[in-house]
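Two complexes come next, and they have one chain in common, subunit A, joined by subunit B in the first and subunit C in the second.
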Partner chain A sequence: MFSLFVIPFCLGVLALLVVSILKYRRWISQFDKLQQMLVRKGLLSWKILGAAWEAFREGLLHWRITKHHFLLGYMHRSLAFGWFLLIVVGAVQASLAYPNGHLPYVAIFFNFFEPRSETIVHFPQAQFYANLMDALLLYVLSGLILAMFKKVWSRPMGMRRTTKHNLTDRVAKAALWCIFPLRLMAEAHTSAIYGGGGFLVNVLGELIASTRLDHPILEYQWWLCYSLALGTFFTLMPFTRYMHIFTEVFLIYFRKLGLRENNVRTGYTKFEMSACSRCGLCIDGCPINDPLGISNTQGVYLMQAVRNKDLFRRAEKMADQCLVCHRCSVDCPVGIDLEAIRRQVRINSRKKTDTASGYDYLKTVRPFHALGRVAYFGGCMSHLTPGITESMERIFQASGTQYWYMDKDKTICCGRPLLQQGFESQARELRRKNTQLIKESGATLLVTSCPICYQSFTKEYNLPIEVMHHTQFIEQLLLSGKLRLQPQNQLRVTYHDPCELGRGSGIYDVPRRVLSHAAQLLPTRHEREQSLCCGFNLGNAVLSSEQQTQVRERARQNLLEPHPDMIATACPMCKKAFTHGTDTPVRDIAEIIADAIMEKPLHTT
Partner chain B sequence: MNKFGFQISTTRSIDLDTADLTAAERLLEAEPSLKACIGCGGCTATCTAAEFVDFNIRRMHTAFVRGQQEGLREQLNRCMLCGKCLLVCPRGVHTRSVIMVMRKELTPEEK
Partner chain C sequence: MKKVAIIGAGPAGIEAASLLAAQGVDAVLYEKEQQPLHNLTDKAFLFPNFADAQEVAEKILAKLNTPGLTLKADTEVTQLQPQAASNGWLVNGEAFDAVLLTSGYTTFDAHRKEELGYGIYPGIHTSLEMEKMLREGKVVNTIGEMPRRIAFLQCVGSRDEKVGNHYCSKLCCVTAVKQAIEVKKLMPQCEVYVFYMDLRMWGQHFEELYRQAQTDYGIKFIRGRISEAGGTFDRKVQIKAEDTLMGRPLKLTVDLFVLMVGMEASRGTRNLGALAGIAGEYGFAQSVDPHIADNLTAQNGLFVAGSCKRPMTLTDSLTDARSAAFEVLKQLLEN
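Take a look at the complex of A and B:
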């Protein structure tokens, strides 16, 4: 069974296979030592089952996108899962019709080779399969119609802004969109001449027959066009965003094996960049898109620029624009570590700057002997909000906690601001010094008031003791009964999730539970994962103060909407940002709790 | 060592006609907010690094803008980029950015 028109399809598949195998092999060879070790160790472990389930759930069913927006999820699911089923059911259909085996392309062009399969003696279910294939084709076409609708009007599909694609992506998309209507037309023409086909193809075939366009030459041309569309799409696929279809599966597997991004670009980064479907879901939530209107630097464009060596200067600019609020990492349906990729670009761009260490002056700092005590690290920012550090000291004293205020007089920064700006080696030096001080002190627990430091201590340090944000520590005190609060008048507060504590560290419930001991928490429109950045995040050094203020204003409006008596937060940075230009008091959770254990407020400014 | 945070300045003069101001111009172009500086010194007073060592942001960027860049490079590397100066600045100067641009400008070409 052969016809010349199958050649474009076969060549396309061949090109796709060769190019993707070469690409994947190269990327795997670019894994660093740890990544290689993890892959070797876990290659055939049970984790493959978890990865297969996640690949099915995200790659085919598009669960996360459906949770984001139902119609958008349906569109992706019908195209991905529908096409997948079309291939699988088609293969089953062909193998039932030809029990002695067949060439792979026969399943794709089954109706051409076997227009009236219901006449095959050993294939009594032929009509059922024909109907099933038609139903699946209809399912895919429904998604295609939604995709076309989204191109004209994306808002009802849950997206205010969509990605601007480059030329190759657009050509591939055109080929993809042609595939399914062409298949329908080709099958209908075959049905017009020979009969057969399911409920959809058969009806359309009869319609074509009635217009007397049912000529075998026309039929052949439709099949040829179908094959050409498939061939074009498959050939372009490895060079376009559609490569994410395969890469996402690999990425999910590697992630399950424990591979992560680090500070240099590795083969794993190549997988992440290829797994980006350029869907553009990272654009809408980004605080520099709304309210600042900068909509060409988000994750999707950054990755495009990083992939393309000529655009690298632009990538550096894009990476610098980011507020590092982690919003895009939460919104990304593929779960790409966009923050890490941005950091890699920043580290790379600082290579032109002298990054020699100037921290000789820290050598003189000697550790304090705090054996068995709780070490309290206020952090640089908390020194600008003395209400927080004083409240924490009050809480330590009231609960009878033996503590060591390790940066009472002088702070050695945790190093995260340096790392965020790409000064990797300098950040390492600060981490080394702080680690030495903490280790040698003999403290058993580290409590910090600053979520930036908290993220640094938990993710970038390798400390031998437990690290807590002060909200976690206060909750422990409240639960163990070491801290008792006075019955309070019901204070109505809204809570601002700091980026570094919420999205950055996944701590959403602890601060809310602690607050509920002393106040009545009002819900706001954007909270938890969708919380708005205060605009003053240290991750950014290029936005003007007017722009930062604009970002803050949007977040502030959101917090003031339920008319609270007070705005509560858990970050000195956010507190400082909101305090400017608000009549409503802004307080840290530590201050609210400290006030509740006392007769009078401790720090009234 | 200046234990009190101040010392008596020695007499010196800056001849702006002969000073090389190209780097200063690039700095002001990259970070225009610096033009709004009123020299209040809040950045220096709050500085985390200045608690340990002689690190005076106001003095450094003033010297830089006047074309006096000797010895600044080593000093600038003492900054921890913690951002306190940024938050206390009453004029909205992007002090961290100023420091990073100065560092970049002072990096020798061959690097």
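Take a look at the complex of A and C:
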């Protein structure tokens, strides 16, 4: 069983296999020591089961995209899962028809060889399989129609903006879109001449027969086109976004083994970048896009620029144009650590200026003996909102907590704002000093008022003691009865999820529970994972204050929509941002709680 | 008889209304507060000649007695609507031939610069509160004693990108110099510091006053902004700043810390400007041209005068009101 037209397909598959194996091997060799060790240790662990389930759920069923938007999920699922089933059911069909074995391509071009083959066995469920294959093809075609519709009008598909693709991606997409209609036409022509086929192919075949176009030469042309489309797609695949189909499976597996991004680009980064399907879901939610209308610096484009070896020297500028609000990381259906990849580019571009000199003053900060006490780290931003630190001191005193306000006088930054801007070695100096101070103090718990510091201490430090954001600490005080509040009043508040605390650290419920002790919480339209950035995040150093204000206005309107008495937040940056934009009072949760304490306040002004 | 509504009984409103009334116009002066001229009556002395603010206020208030002038105090204007048919305006249901907006300014709310500790720590005051203390002749620290050290900070809420006010409020520089001298007159032993970005001594006698402050009164001027202020255990204020001339950080403990709050468009100016379609930058009212048509607006028959347009001193407001009164009269005669 052979015909010349199968050659393009076979060559395409061969090219795909060779190139992918070479690429994957190179990327794996570029893993750092820790990543290599994790892969070696976990290679055959039970984690493979979890990875397989997730790969099935995300790679084929596209669960996360479905949760984002049903139609968009259906489109992806019908193309991925539908095509996958076509291959699997086709293989079963072929193995039933040829019990003595067959060459792989026979399954792909089953309908072509079936009427011409002498060795074929007429198995009893043949008609059922033919119908099933037609149903699957119809399923894929329905997704294809949606994809075409999305290209013209993406809004009903849940996307306001879609990605602008480069040339290779577009050619590959054209080839992909041709595959399934060509398959249908080829099968229908065979059916027109020889009969057979399922409910779809057969009907179309009769239609073709009735128009007298059922010539064997024409039939051959259709099969050749089908094979050419497949061959083109497979050959281009490793060089286009469609490589994500395979890479995502590897990425899920590596992630299950515990591999993570770090501050340098490794082989793991290459896997992440290749797993990006360039779907563009990172664009719509981005505050730089909405409301600022800058839609060419989001994760999808940054990774495209990095992947293309940054030929046009645009990656650096793109990397800087980001508020680091983590919104895209939440929206990404593949779960790529976009923030880390952006940070790598920033670190790379700061190499010349990132020197750790000028930190001699750190030597003058002496450790303090605070054995067994709670260390309180207000953070630089809280120093600009003394209402918060003052309230925390009131809370410590009212609850009888022995505390050490470690940055009251000589403030050392946690280092995260520097790291976010790519100044890695400067941030390391600060981390080293803070770690020394905390370790030598003998404190048993670190409480911070700033979510930026909280993320820094939990993710960038390796401290021997527990770290809490003040909302977590206050909740503990309330639950243990150390802090007693006046009976609940009728203060109506909306809560703003700070990016660094919510999406950054996954803390959504604690602040809400704490707030409910002292106020009535009103829901807003965009909250939790969908919360809007206040625009004044330190992650972006290139936005003008007018642009920052624009971003803030959108978030502010969302918070004021339910007409609250007060806006509550849990981050000094957000507090400052909103205070400058509204007459409605803006308070940190610590301030609201401190004002509700049973005992008399310490300072009265 | 022609009828003109003047909205806001501050210096500009009273001046213009009395001039119009003297020319035989039926001038109705609206004021949302119970007392007119309250932005002046709460001052002690006026720069640069230390004139008694109360005496000046009395002279201006006396103009309210001009025949033909009606003061409607405690009346907030909620309707300001052009009438196409009669070419006039409707104000709170009453028809007028022309309207003059003199709704003025308000001071910046110092709570918005939280890092300066206003409302959080004791001993931190706005320049208005300092003026009140000077008027009463009693400047004391948080424990009721004579303060030994006072610091003034310029540009609170003006020339500040972060709070969204890029403009200069124009009169805080000289006010701080004036208040510092007052403090020194009252308590010669008290150390007085003024922190500034740059001092804009633009008016007649201002520069002389600034020089006297240094030579005769020993007031210390330090170039640099104060980044944060906090409380100390003995109820004093600790400020952190940078002396940008010496190029070094600075910490100072003071008894009183005075914030020279800038000028913003008043709530009335914001609302009425938006209502009448003449809202300009930062919520101030917009005139047609700052050089040659500064009292006219894009709306026919609606005029503006005084600090509802931009920060203005008392002198400027009065002058501007006179020019506005003339523009109004001109239009009334033309019609």
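We adopt the following convention: the second predicted complex is superposed on the first by the 583 of 605 C-alpha atoms of A that agree within 3 Å, B and C clash if a C-alpha of one lies under 4 Å from a C-alpha of the other, contacts with A are read in each partner's own complex, and residues count from 1 in each chain.
As a convention for this text, a residue touches a chain if its C-beta (ideal position, glycine included) is under 8 Å from a C-beta of that chain, and two chains touch if they have at least 3 such contacts.
Since the model is a prediction, treat every value here as computed from it, not as a measurement.
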item	value
Partner chain(s) touched by A:S545 [first = subunit B, second = subunit C, both, neither]	both
Partner chain(s) touched by A:P564 [first = subunit B, second = subunit C, both, neither]	neither
Comparison of subunit B and subunit C by subunit A residues contacted	B
Subunit B versus subunit C as contact partner of A:G12, first or second or both or neither	neither
Touching partner for A:Y359 - first (subunit B), second (subunit C), both, neither	first
Subunit B versus subunit C as contact partner of A:E390, first or second or both or neither	second
Touched partner set for A:T579, first subunit B, second subunit C, both or neither	second
Which superposed partner A:Q421 touches (first subunit B, second subunit C, both, neither)	first
Residues on subunit A lying within both footprints (that of subunit B and that of subunit C)	383-384, 545, 576
Contact footprint of subunit C on subunit A as seen in their complex	383-387, 390, 545, 549, 575-576, 579-581, 603, 605
For the subunit B and subunit A complex, residues of the former touching the latter	33, 46, 48-49, 51-53, 73-84, 87-88, 92, 94, 96-97, 100, 103-104, 106-108, 111
Subunit A residues within the subunit B interface of the complex	352-359, 361-362, 364-365, 380-381, 383-384, 409-413, 415, 417-418, 421, 423, 426, 430, 536, 538, 541-542, 544-546, 573, 576
Parts of subunit C lying in touch with subunit A, wherever the complex brings them together	111-112, 114-115, 117, 119-122, 161-164, 227-231
